[in-house]
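What follows is chain A paired twice: with chain B in the first complex and chain C in the second.
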Partner chain A sequence: MAFDDTTRAARAPRLSMRTRRALWVWAFLALPVLFYGVIRFYPTLDAFRLSLTNWNLMSPPKFIGLQNYREMFASPDFWQVFRNTFAYLVIGTPISLVLSFTVAYFLDRIRFGHAFLRALYFLPYITTASAMAWVWRWFYQPAPTGVINSVLGALGIGGMEFLRSTTWALPSIMVTAIWAGLGFQVIIFMAGLRSIPQTYYEAARIDGVGDWAILRKITLPLLKPTTVFLVVFSSIGFLRIFDQVYNMTTNDPGGPLGTTKPLVLMIYQTAFNSYQMGAAAAQTVVLFTILLLISLLQLWILRTR
Partner chain B sequence: MATIQLNKLTKAYGKAEVIHGIDLDIPDGEFVVFVGPSGCGKSTTLRMIAGLEEVSGGDITIGGRRVNEVDPKQRDIAMVFQNYAIYPHMSVRQNIAFGLYTSKLPKEEKASRVEAAAETLGLTALLERRPSALSGGQRQRVAIGRAMVRNPAAFLFDEPLSNLDAQLRAQMRIEIKALHQRLGTTIAYVTHDQVEAMTMADRIVVMRDGHILQAAPPMEIYDNPVDIFTARFIGTPSMNVFPAQQSGGVVTLAEAAPTVMAGVRPQDLKVAEPGIAPAVALEGLVTVTEPLGHETLVHFTAQGHDFIATAPGHFGALPGQTVRAEAAAGTVHLFDPKTEKAVGRA
Partner chain C sequence: MKSSLIRAGLLAGVAMFGANAAAADVEIEYWQYIYETRVNAMDQLIEKFEEQNPGITVKQVTFPYADYQTRVIAANMAGKGPDVLQLFYGWTDNFVNGGVLQPLPKDAFPDEMIETEFFPIVGAMKRGDDYYGLPTAVRSLALFYNKALFEKAGIENPPATLDELVETAKALTETDAGGNYTTVGMTVEMGGQDHQWWREVLVRQFGGAPYSDDYSEVTYDDAAGIAATKWYTELTTEHKVGATGFMDEGQAAFRAGRAGMTIDGTFRLGSFSTIEDFEWGVAELPANADGLRSNYASYFANGLGAGAEGEELEAAEKFLTYLTSPEAMQLWLEVVGELPARPEAALTEANLADPVYGPFLAGLEYAHTTTFFDEQAQRQVTMDMANRVFLQGQSVEDSVAEAAADEQAILDRFQ
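After this line comes the complex of A and B, so read on.
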């Protein structure tokens, strides 16, 4: 087919290829942008304004300056919740990462039953949080209902209070939360391990480097991107913990005596039990700031490599 | 310094045997190149020597010691891989020094060995760089450096130049060969590139389907290939092989009732140079010409068979023209049509 120059020129669109491409891109992006703008970004920004008001949903918000923040920082309840939230973060993240790496490291080395075990580890991740929380609640019951106490009893250890103890309730809930997220982390770690070329290990074996040195000198450094991702992901997860706590302490959410209450649960209660929207917004701003700082910190650690 | 011996070596994955009892003696200091098409078992053989693959049958001895069940690190060998296997999170210095990670040498000795290896390989200026800041050739030199510092009894190379571009490959060929001449260490080198084999080896081991077809010095293989496969695999362009009848010193292309398979290297099949009493004379239509400067490769078809012949540099024949190509007496290889083994020359 021969091209006639004049008809070609006549048919050429007025917009440049670049402009047309950009228009198409924005046409597809418009809907999500609109959705996020209205449903996500606007309320997020509005929370900053609301945090400076007194608002009970009925009457219009009244500007009260930093009153909400002053009250929050003066309240021992808030600091209890603050400590709880960081306990989830500081204990939960390292334990879950060490556990999931260990599982992934060894699971990666076996062939027999590999797929089955992997599925088993992943199962909790796809289970409804509330159903799981209830099962664990049962585990923690006194003997003979509770499996754990029955086993402890058989070993001669007296009944543990678990969820009813101000000392043990938080760790007990944390176990559930770690268990729930473990499968996902195992899968991601295994993908990371698989992406390390085998020849790195073969070269090390020929050089006579032992398993422990290979792990420290080769595997862990090369796994760093995966690890950083999981640290960020898991940290955010523990900072936002809610489901497990709420469902395992339904009689007194965040109890006993607020010893398991995380920030998100406090926000929920302030907003939807007490209808103090302004105070809840102030707590949200605090959570937002913490999440932002921790994420930025972790991104900075990633960038130094 | 060590000799390597393979004795009836076999390798099987489950029931599938991929190496069928090969025998080979590599004397101390020899540069031996395993060559063959992919899947011929050359890499598997090398990995068994390295201890990365288990031996299914037969023996491997290094320096007179049977090493079948010996850990890779105790075999006193060093290996260089196709993808270099240098660690992206370590500097060049750390990578080279990693070869001495388990060594009990004093710190100063380790450092001076790293410096010496870097000096030899021209890496001194790059010692503090990360691998990502190096070219492919430099990375491969780092990998060689890591192998060198250990002062091993033998070097194993597994297609070390396959990831490099043609120009770098030619350069690294020379560097590795020069390195061998300087160090005098036994080298077992695997490649699928017959040019690498020809240019570097003291001895070439041609493998196919888990068997060794021929193990001999490069020119010996080039001049006296034991069978059609070896004849066509070594030398470029490939040898022309065609069914023929032989009477006296003359070989004629014969589709019907051939008595031999005849092979003529393109370099021996000359266009436009009529000789006296040629062993083979062929006439056909030119399909393609490839001018290389100093000579021209002429592709032509005779009786339905494709041939490559050589002509002088400024050869002007066009596709479709008839050419006559001749091979002098003594340059035609003869093979048994059934067994494909070499039976002599004409």
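After this line comes the complex of A and C, so read on.
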């Protein structure tokens, strides 16, 4: 055996150039793969296992089958949160897309102040979400502190209970989220608009096609890849909404009465306030499934193009 | 004569050397969360302790409050937990069941000593026959009032009873033409300390009890609980002396001089002491019509980490003894503003006569300490109970019943 070892050491492996290059490539590729494996994929898979257990971080996880799921689906709180999450998605995504497209469409046509306006739209996107949420939180305060209510009061209109209303709190928070993401969407839409060859427009003009028809027949169809990307991107963003909600309702996270609580905040509270890791993992699995379905939907839509 | 002196000197030297050698280089870790005055006070205590106990070094490790529990639990799982740690009394169940703490040794901390020398609220640290920690300082609630607003309204004294509180609050409240509050007479904020006030004080003052004796069963779903909740929610719905969310939160409204009265704890003293625009005072929580008073007391205790053993455990015991000594308590009071956990150190004439500490200390004598199983979830239940009445117009009876059922479900998870 010893003899074998020494000979092997003496005879250095002679690899072809190609193999050596492949080894190098894989050595570099292995790092992110390993990193993602350990940081992303393993925990994701482990969440499935944990969702079948009762674990409070301290005693070892106990296998309880599907009980976490049964309890979750039987809980009215979960369904309220589920509805909230979809309200963010279903209302937030279309509004933000229409707004950002409109802004991008008109911004694309002006020269004067173009860069300045674009920067103004983009500014919220690069501002810390929590800082912005706090500013808005103060805007929404009742008089005398809240700007909006003070103005309403000065105009003789009664105050509006933005964040203290079970009806209006969610839309109020959504407005800030839409505003925060608007800049990014505007920039992407503008890039999409610029990538449409001018020749199409010239040809259409020569044929005497009106603005509205150009928009419907040329601009929107050719913008489809951009739009699909933004729909998916913004859907995922609204499904994962957390910062705005948490920072605007810290006194009663996700309140009042749970009417603004999204799934991610519920997962956070279940895991790190109540230490019910198993139940939190089950909620995570639900969120993961929704996100996966939406991403698959995106692939499918892109393929049929 | 001379030689005996020399011999004595040598002996002393040898003895000292020996003592140093025996206790050489024991380092223990003390953990607490980051709060400036607490960290400062602990630095000073460690310095004094190390002077008195050469050979023992104490290393203070701190974490942000939001991470603290998770850090302790994670470190414990990895076998790298602290030797002495600070914990909220409400976490005791979690920490004992999770094997984070070891019971206090009976020789250094006999039950009899604990039960005679500390305020009875330390009973919340007992599980079975063992105590799992002792506090340096305790906190209680009191009524803060804005003296400038009182003067403006022509009121001399803070309210002594619940009825007086309503009348005083009415006199202090100011609204603009549109009916918006510009000054609230009394802050109404279940998310602040009001949930403790409601639970341990109001429910009792209306003739009930919030929980069974071991806090495993909700008992406020009765006439007393309903009456207490009705009285509380009527501050907003009937008397219109304040509303949740005014100025974002109660303590912010008080700081801004836009709240006549607010209920808060000793821990707020540091923050309110920087108020410069007006003078404020502190009064005992108002009694009910029969003169019955109650209060809610809580504390952070210091416990021994499960991993400490041998020399380190010995040093940890010594350090814990020091942390719970009257001397340490006095320093903690001066630096942090929290009340000493020993009546002997707390109820001194100077402290009782103090216009700020006095009312808090008076409250300690009849205070209750809720055993929480999941504090944030239980607090949420109480907040939602009030919000259903405020925002959805649910009847107080139904809301209390719903809250009782929700909270019982939380408690049942731990039985």
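Definition applied: the second predicted complex is superposed on the first by the 281 of 305 C-alpha atoms of A that agree within 3 Å, B and C clash if a C-alpha of one lies under 4 Å from a C-alpha of the other, contacts with A are read in each partner's own complex, and residues count from 1 in each chain.
Note that in this section a contact is a pair of C-beta atoms (placed from the backbone, for glycine too) under 8 Å apart; a residue touches a chain by one contact, two chains touch by 3 or more.
Bear in mind the structure is a predicted one, so any value in this text is a computation, not a measurement.
Following superposition onto chain A, is the placement of chain B relative to chain C best described as a clash or a fit?
Superposition result for chain B and chain C: fit.
Of the two partner chains, chain B (first) and chain C (second), which one does A:I218 touch, if any: first, second, both, or neither?
In the superposed model, A:I218 contacts chain B only, not chain C.
After superposition on the shared chain, which partner residues are touched by A:T199: those of chain B (first), chain C (second), both, or neither?
The answer is first: A:T199 touches chain B but not chain C.
With both structures superposed, pick whichever of chain B and chain C touches the larger number of chain A residues.
Of chain B and chain C, C contacts more residues of chain A.
Quick one: classify A:T102 as touching chain B (first), chain C (second), both or neither.
neither
Quick one: is A:N251 in contact with chain B, with chain C, with both, or with neither? Answer first, second, both or neither.
second
Please indicate which partner A:T289 is in contact with in the superposed arrangement: first for chain B, second for chain C, both, or neither.
Neither chain B nor chain C is touched by A:T289.
For A:D207 in the superposed arrangement: first (chain B), second (chain C), both or neither?
A:D207: touches chain B, not chain C.
Once you lay one complex on the other using chain A, what is the shortest C-alpha distance from chain B to chain C, in Å?
Shortest inter-chain C-alpha distance (chain B to chain C): 53 Å.
If you lay the two complexes on top of each other, which residues of chain A touch chain B in one and chain C in the other?
The answer is that chain A has no such residue.
Residues of chain A touching chain B in their complex?
Residue list for chain A touching chain B: 197, 199-200, 202-210, 213, 217-218, 221-222, 224, 305.
Please give the residue numbers of chain B that touch chain A in the complex, ascending.
50-52, 71-74, 77-79, 81-83, 85, 87-89, 98-99, 101-102, 143, 146, 150
Going by the contact rule at the top, pick out the chain A residues touching chain C in the complex.
Going by the criterion above, the answer is residues 56-59, 137-138, 141-145, 149, 153, 156, 158-159, 161, 163-166, 251-252, 255-258, 269, 272-275.
Along chain C, where are the residues that touch chain A in the complex?
Result: residues 70, 73-74, 76-77, 94, 97-100, 176, 178-182, 189, 191-192, 243-249, 258, 374, 376-377, 380, 383-384, 387-388, 391-392 of chain C touch chain A.
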